[in-house]
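Consider the two complexes below, in which subunit A is the common component and subunit B and subunit C are the respective partners.
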Partner chain A sequence: MKSRNRILDTVQTPALLVGLVLLVALAGATGDVTTARVATLALVSVVFVVGLSVFSGNSGVMSFGHVMFMAAGAYTTAYLTIPVPLKKTLFADLPGWLSWLAEVHSSFPVALLAGGLVAAVVGLVTAPVVARLSGLQSGIATLAMLLITYNVLNSWTEVTRGSSSMIGIPRGTTTWWAFGVAAAAVVVAWLYRCSRGGLQLRASREDFWAAQASGIAVGRHRATAWVLSALVCGLAGALYAGYLTSFNVNGFFLTATFSFVVMIVLGGYLSLSGAVVGALAVSALQEVLRRFQDGRFTGGNELPAGVADLIVAAVLLVVLVKAPYGLMGVRELRLPRRRRGGGAERRSEAPAKEPVGAA
Partner chain B sequence: MTAAAQLPRRSSVLRMADGGIHFDGVKAVDGVSIEVRSGEVLGLIGPNGSGKTSTLNLLSGMLRATSGTIWLDDVDLTRHSMRRRARRGVVRTFQSGRVFGRLTVRENVEAAALGAGLRRREARELTEEILDELALDGVADDRAERLTAGRVRTTAIARALAARPRFLLLDEPAAGQNETEAVELITAIRGFAQRRECGVLLVEHDMSVVMGTCDRLHVLDSGRTVIEGEPAAVRSDPQVIEIYFGKRH
Partner chain C sequence: MILEFLINAVGLGALYALLTIGVALLFGVLGLMNFAYGELILAGAFAMYLFRDQPWPFALLMAIVFAVVVALISERLAFHPLRNADPVTLMIASFAVSLALQSLARMTVLPRTRGVPPERFLSHRVTILGADVSVLDLVTLVLCGVMLLVVAWLMGRTSLGIQLRAAAEDFRMAASLGVKANLVIPAAFVIVGVLSAIGGAVLVARQGSVGADMGLQPMLIGVVGAVLGGMSSLKGAALGGFLLGAATALLESLLPTDLIAFRDAFLFSALIAVLVVRPQGLLSGAKVRVS
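After this line comes the complex of A and B, so read on.
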C-alpha cells in the first residue's frame, strides 16, 4: 500500500499537467482558426517554460538566456525543412564549409529532434559557465550569452540572413504536435525533478553551502540541468518555426525573454505546475490584451501601442509583491487529499513519539 | 545488508597541524593543532570569539587555512574544497541548521545520502534508518522550513549522518534546547558515532552537555590552544577556570 501511494504521489502531478495541456489542445483542435493559433502558441510556450524550469526551477538560478536555445532550434528547423531550391536562393552566399546547409533536407519530425539536439550542444558548450557561477553573476552571464547569440545571428548575414526574415519553412507544427511535445516535456521535466540529480540540485537551490557540505556536486548537477533544459527549449524553437513558417532574429531577444520570464515568475518558478500554469495564464492574458488593444472589446477604439505590455508588466509587479514565488509557490497540482477518521489531518496520524532533541 | 551497515569502519584520524586563519590582520585561529580519532567525541570549547567555529570551518573546508595543514590519515586535505572533504567523510553541521527549507525532511536526508554517492535504493534505506533512529519519521513528509527549531537541528544532524561521515563536525547542535533534550541529542549522536566508528568534533557552549558526552576536550582562547585533555583534567586546570569556568562560578 505504501509503495502504491508513493507511485500515485509521483504520477499524479505530471498526469494532471498533461491533462491540462490536453484541454488546451482540444480547445485548439476543435475551435476556429484563431483559437487554434492561440492554443498552439500557448502549447509552444508551455514547452519553452517547462524547459526553462528544468534549470531555473531546480537550481534556483534564473536564466535570461534561454531564448538562445529556442533560436538554435528554430534556425535548425529552418535549415532542415526549407525546400532546397528556395534555400539556394536565400543562402546564395553561404561560406564553402557550410555549403552543405543548402543541400540538406529532412522531414519536420527529424528537424524537430535535430533542433532539440543542436540546442543541447549549445547548452553543452555553455554549461561550464553556469556550472561555475551562482546568483546574480549567473543571471548576468546568461544574459551575456543571449547578447552574443543575438549579435551572431544578426550579423552573420550569409548564414542567418541577419535581420531579414527566415521564410519558406513548411508548416510542420500542428496543435497535436505541440501537445505531444508539451506532454513529453512535462514528463521529462518531472522525471528529472524526481531523479537523484534533480533532488540534489533542488537541495543546492535551498542552500548552496549545506549542499556542498553534504558532498553534492552542485556545478555538475547545474550543468546537467542546463543541457537538458536547452534540449527542451530547442524543441520549443523548432515547434515555433514550424508553426509560424517564418521568423526574424528579433523574435529571439529581449521581448521574448521578458515574456517567458513573466510566465515562469507569475506561475511560480519553483514548481513545474507553476511553469505550466504560468505559460497558459500569460498566453491567455496576452491574447485578451491583444484583442483589447486591437479594439475588439472596445467598439473598435484601439488602445495606444504598448498598453498590453504595460498591463502584463503591472500584473507581474503585483504578483511579485503579493506572491513572490508566483501563483503556485512551491506547490504542485495534486488531487485533493482523502481525509480519514472524520477529517483528521494526516499530520495527526504520525507516530506520537517525539523527535530526539525536539524543542 | 543495509546501507548503513556498509559504512566505512576503519580507524582514522582527522588532524590539523599548526592551522591558522587571519581576517584583515585579526588572528581568528593561530597555530592550533588538533586531532580527532575514530569513535571518540572531542569537545572544542572556549569563550565567545575564541575561534571554535573558525577551527571547525578550517577542518570542514568552508575556510581555507592561511597557515598549517589538515590531514585525514595520510591524505592532505588542506587544498580540498568542502565538497571533496565531505566525499572523503569529513561532514559538518552549521550553527543555524541550514536545512534545505523547501524540501521535506526525508528529501533533506536522502539528498545527502545521494551526495555521498549512494545508489537511490541504498540512499532510501539509509534515509529511513536515520529518520527512525532520530525519531524524525513522524515529520518525514513535512517541509523542513515548517519544523520547530529543535527539529531543524535534528534534521541537520540526520542529513550529516546520511552523508556517511567518518568525522562529524557539529557546530552547537544543542543550541536552543533544554539540558535534557540536549543530552538526549548528543547521546544519540554518540551512539550513532560509536556504532559506525565515526569521530565527532563537538563545538558547544553548554558545559554540562560537553562534560557529559565528550571523551576529550580541547580548549581555545583568542584563537590559541589553552589545554587539551580528559574532561576532569580540563575542568580542574587553573587557566581554564580563569578564562572559561571562572565566568560561571
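After this line comes the complex of A and C, so read on.
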C-alpha cells in the first residue's frame, strides 16, 4: 500500500500538469483560428518556461539569458527547413566555410531535434560561467550572454540576415506538436527534479554552504541543469519558428526575456507547477490585454500601444511585493488529500516551508 | 591630433564614469542593480527636447527636475516596498519599472524618435594649443568633469556623503549607528537623478535625438563599468567607467569598420570574463559583496 501511495505521489503532479496542458491543446484544436494561435503560442511558452524552470527553479539562480537558447533553436529550424531555392536567394552572401548551410534540408521533426541539440551545445559552451557564479553576478552574466547573442545575430548580416526578418519557414508546428513537446518537457523536468542530481541542486538552493559542506558539487549540478534547460528552451525556439513561419531577431531580446520572467515569477519560480500555471496565466492575460488595447472591449476605442506592457509590468511589481514566491510558492499541483474526486486542478493546502534565502 | 583624441577620450571617459556612478551608488546603498536607470536618463533627455526652445541652462535645470522626480517616484512606488528583498528580486523589479516607464513614454509623449537641434555653439570648433577641437567634446569634458568633482566633494566632505558611504559599506551597521534609511535612500535616488539628467543632456547633445529606447545603451554602459570597477566601491566604479569610456574611444578609432558592429559582443565577453575571474572587479581590492 505504502509503495503505491508513493508512486501516486510522484506521478500525480506531472499527470495533472500534462492534463492542464492537454485542456489548452484541446481548446486550441477545437476552437477557431485565433484560439488555435493563442493556445499554440501559450504551449510554446509553457515549453520555454518549463525549460527555464529546470535551471532557475532547481538552482534558485535567476537567468536572464535563456532567450538565446530559443534563438538558437529558431535559427537552426530556419536553416534546416526553409526550401533550398529560397534559401539560396535569402543567403546569397554566405561566407565560404558556411556555404553548406544553403544546401542542407530536413523535415520539421528533425529540425526540431536539431534545434534542441544546437541550443544544448550553446548551453554546454556557456555552462562553465554559470557553474562558477551565484546570485546577482549570475544574473548579470546571463544577461551579458543574451546581449552578445543579440549583437552577433543582429550584426552578422551575411549569415543571420541581421535585422531583416527570417522568412519562408514552412509551417511545421501544429497544436498537437506543441502539446507533445510541452508534455514531454513537463515529464523530463519532473524526472530531473526527482532525480538524485535534481535533489542535490535543490538542496544547494536552500542553503548553498550547507550543500557544499555535505559534499555536493553545486557547480557541476548547476551546469547539468543549465544544459538540460538549454535543450528544452531550444525546442521551444524551434516550435516558435515552425509556427510563426517568420521571425525577427528583435523577438529574441529584452521584451521576450521580460515576458518569460513575468511568467515564471508570477507562477512561482521555485515550483514546476508554477512554471506551467504562470506561462498559461500570463499568455491568457497578454491576449486579453492585447484585445483590450485594440479596443475590442471598449467599443472600438483603440488605446495607445504600450498599455498592455504597462499593465504587465505593474502586475509583476505587485506580485514581487505581495507574493515574492508567486502564485504557487514552493507547492506543486496535487490531488486534494482527503476527498478524492473533487476538482482535480485544486491546489493542495498542505503547508510548505517557504525557502530561506532562495537566491 | 593627439590632443584632440585625448580630449575626446577623456570626455567620453568622464561621461561613462558619471553613468557608472549612478549605477554603483544605488547598488552600494541598497543592493539594487538598477535597470530603470536608462529611463531616468530618458526623463532628462525628454526635458531637453521639451524645452529645446528655451535657453539651455533652463533646459538643463528642467532635465534635472524631471529625472529627480521620476527617480523619487520610482523609489516610492516600486523600491520602497521591496527594501528588504534580495538583489535578484530587486533587479527583476527594476526591469519592470524600466519597461513600465518606457511604455509610458511611448504611449504619451514619445511614440517615435524626435530630433533635438543642437545648440548652435556646440558645433563650432576651436583651436587649443594648435589642436582643432570641437566645442561639443570640450563641453562634455567640462560638464562631466565638474559633475565628478561635485560628487567627489559630496561623498568625501559632507555629512550626507559620509552617511551614504557608510550605508554602502554595511547598511545594517550604519542603520544601527544612527544613519536614517529614510534619509539616505531618497538622497541616493536624488543624486542618481541629477547624474542621469546630466548624462541624458550630454547624450542628447551628442546624438541630436530623443527616443523611448535611448536609455538602454547608457544603462548597459553603467552596468558594465560598475562591474569592471568593482561594484562595492564608488571610486573603483568611477575608475572602471572612465577606463571603459577611454577604451571605447580608442577602439572606435582603431578597430576596422567591419568589426565595429561587434564591439558590444567583445565588450560583454570581457564583462563575463571579469565576472568569472575576478568577481570583485578589476580595480577593487576588497572582497566581493556576497549577494
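We adopt the following convention: the second predicted complex is superposed on the first by the 338 of 359 C-alpha atoms of A that agree within 3 Å, B and C clash if a C-alpha of one lies under 4 Å from a C-alpha of the other, contacts with A are read in each partner's own complex, and residues count from 1 in each chain.
The criterion applied here is as follows: contacts are C-beta pairs under 8 Å (C-beta built on N, C-alpha and C of every residue); 3 or more make two chains touch, one makes a residue touch a chain.
All figures in this text were calculated on a predicted structure; none of them were measured in a lab.
Student: Have a look at where A:L147 lands relative to subunit B and subunit C in the superposition and call it first, second, both or neither.
Tutor: A:L147 sits against subunit C, while subunit B stays out of touch.
Student: Looking at A:G306 after the superposition, I want to know if it touches subunit B, subunit C, both of them or none. Which is it: first, second, both, neither?
Tutor: A:G306: touches subunit C, not subunit B.
Student: Output check: A:A92 vs subunit B and subunit C. Expected answer is one of first, second, both, neither. What do you get?
Tutor: Neither: A:A92 stays clear of subunit B and subunit C.
Student: In the overlay, work out which of subunit B or subunit C sits against more residues of subunit A.
Tutor: C
Student: Is A:L320 touching anything from subunit B or subunit C once the two structures are fitted on A? First, second, both or neither.
Tutor: second
Student: Quick check on the superposed pair: does A:L133 touch subunit B, subunit C, both, or neither? Answer first, second, both or neither.
Tutor: Touch partner of A:L133: subunit C, not subunit B.
Student: Please indicate which partner A:I216 is in contact with in the superposed arrangement: first for subunit B, second for subunit C, both, or neither.
Tutor: first
Student: Between subunit B (first) and subunit C (second), which, if any, makes contact with A:V261: first, second, both or neither?
Tutor: The answer is second: A:V261 touches subunit C but not subunit B.
Student: Pick one for A:E206: touches subunit B only (first), subunit C only (second), both, or neither.
Tutor: Touch status of A:E206: first partner only.
Student: On subunit A, which stretch or stretches are contacted by subunit B in one complex as well as by subunit C in the other?
Tutor: 357-359
Student: Which of the residues in subunit A end up touching subunit C in this complex?
Tutor: Counting only subunit A, the residues touching subunit C are 62, 128-129, 132-137, 139-141, 144-145, 147-148, 151-152, 155-156, 254, 258, 261-262, 265, 304-307, 309-310, 312-314, 316-317, 320-321, 324, 357-359.
Student: What part of subunit A is in contact with subunit B in the complex they form?
Tutor: 196, 199-200, 202-203, 206-207, 209-218, 270, 330, 347, 350-359
Student: Mind pulling up the subunit B residues that touch subunit A in the complex?
Tutor: For subunit B paired with subunit A, touching residues are 60, 62, 81-83, 86-87, 91-94, 98-103, 107-108, 110-112, 114-117, 120, 123, 134-139, 142-143, 148-151, 153-154, 156-157, 159-160, 162-163, 173-174, 176-177, 181-182, 184-185, 188.
Student: Can you check the complex and tell me which residues of subunit C touch subunit A?
Tutor: Listed in rising order, the residues of subunit C that touch subunit A are 31, 33, 77-78, 81-82, 85-89, 91-93, 95-97, 99-100, 102-104, 106-108, 111, 216, 220, 223, 227, 261-262, 264-265, 268-269, 271-272, 275-276, 279, 288, 290-291.
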